[in-house]
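For reference, chains read A, B, C and D in written order, and residue numbers begin at 1 within each chain.
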């Protein structure tokens, strides 16, 4: 998949799947958190640290907090654009902010806080290289 | 499914499904929002207003805001208890609060704000009967 | 969760979740495979071999084949009963058959074939104790 | 999203989402049916009949049968290619066949049979225009 960099944000896109709709005829609200995760995946990839490689090397991120404010609804087949950026960075945690649009309409804003864990799920410092890249952002 | 009433909360239980785990070996974070929805379903049922009947009668609830703070992790096969209560009530919206435990360990706390919509997804007042039941709570 | 034994089958129940519906207003078809997995989980539990313990001990089951024939549709809030039984047993694989009903109406029949894997995902024999229990069935 | 036409097949791609993995560290088997549905969506789009428009016009497709034979496993971040084609066409139903590859490795083959329904979920003939396009295929 591809992404764009706009300012400090990495922008990617998903298309609403049939499986993601519910009986109200719109995408079920919990799926927005899956989409935000795709935004994070793409963000880390843009920094040069694909998350699947991070986990393989023993640096896991675990979601400590997740929030979404819904401003609209998205229908099957619509393209949802996810703009992701880092909003805070500490030695053991990082916060991401998200802005979602569906076919150009505002859809939602969201935020997540993740902490770094080792393979035994114990808190650890974010590896130095990754912390540096997160501090510099996608243009760094 | 069954539920208990404890104070102002309705308590129900789910068991972590294999499908809900992710490669960290724990339940994927977005599923907590699905579990909160099950808590809401059970809460409305306890009030005597099964949500499927509400929708059939033209009163939809749509999630405007959702938040979760994660305090632990849940594994496949573990029982997750969801305590749900109403935390705020307005003419067109209602807020729910949730406390989740996994096998007795604190798992997460969450909150959602829902607005009432008609079939065309236009905001409407919460039907009077339901508003009254929400105000009285599960012991009302 | 609870289950019943009827003949050679272990019967358990799920309730259709809002998250499982799609824009046709019925449970999305792929969820039936999740329900069958819950049937398997309950079946193995009835034999005294909870699957989460099997995996912890290094015996994984991986789905090699999955089939479902749909005979009806299930709506949000409806109770779906899943009757699960073993239909074939070999040294390295086991086949399960499923009959699903929604509120007493026939919903679907299904089948899955699973092979035993070790932690490195290499085929292995089904552990002797488990093979014996699978051969005897839930009344064994 | 984009697709290619190869022979009688329409080929599209998904990337394995974190949410789609399970505790075995690979994509959970039921998700393959979601991917096949994305293949169908793309196939119908290639014919000029986006499925979301079909439903809006009162022609629903409902899955009557679904099968998958698994030949490998797919990991988070891997690209899965789905080749979709029509394998049988009747007045009221259509069968699709699928071949899935993950990063070039064979992943699975699958099949689904869908029947046409009207808005009240009663069987109906596949609309003539769509039947014609399905008969001609993506090069038609």
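In the analysis below, contacts are C-beta pairs under 8 Å (C-beta built on N, C-alpha and C of every residue); 3 or more make two chains touch, one makes a residue touch a chain.
Here the structure is a predicted model, which means the values were calculated and not measured.
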{"item": "Partner chains shared by chain B and chain C (touch criterion as defined above)", "value": "A, D"}
{"item": "Farthest-lying chain, centroid of Cα atoms versus that of chain C", "value": "A"}
{"item": "Comparison of B-D and C-D by number of C-beta pairs in contact, larger one", "value": "C-D"}
{"item": "Cα-centroid distance, chain A relative to chain D, in whole angstrom", "value": "27"}
{"item": "Chain B and chain D: spacing of chain centres that average the CA atoms, whole Å", "value": "33"}
{"item": "Chain C and chain D: spacing of chain centres that average the CA atoms, whole Å", "value": "24"}
{"item": "Chain B residues counted as touching two or more neighbouring chains", "value": "18-19, 23-24, 30, 34, 37, 55, 76"}
{"item": "For the chain D and chain C complex, residues of the former touching the latter", "value": "23-24, 29-31, 33-34, 37, 55, 60, 62-70, 73, 121"}
{"item": "Interfacial residue positions of chain C with respect to chain A in the complex", "value": "18-19, 21-23, 25-26, 28, 30, 76"}
{"item": "Contact set on chain D toward chain A in their complex", "value": "1, 15, 17-19, 34, 37-38, 41, 50-52, 55, 75-77"}
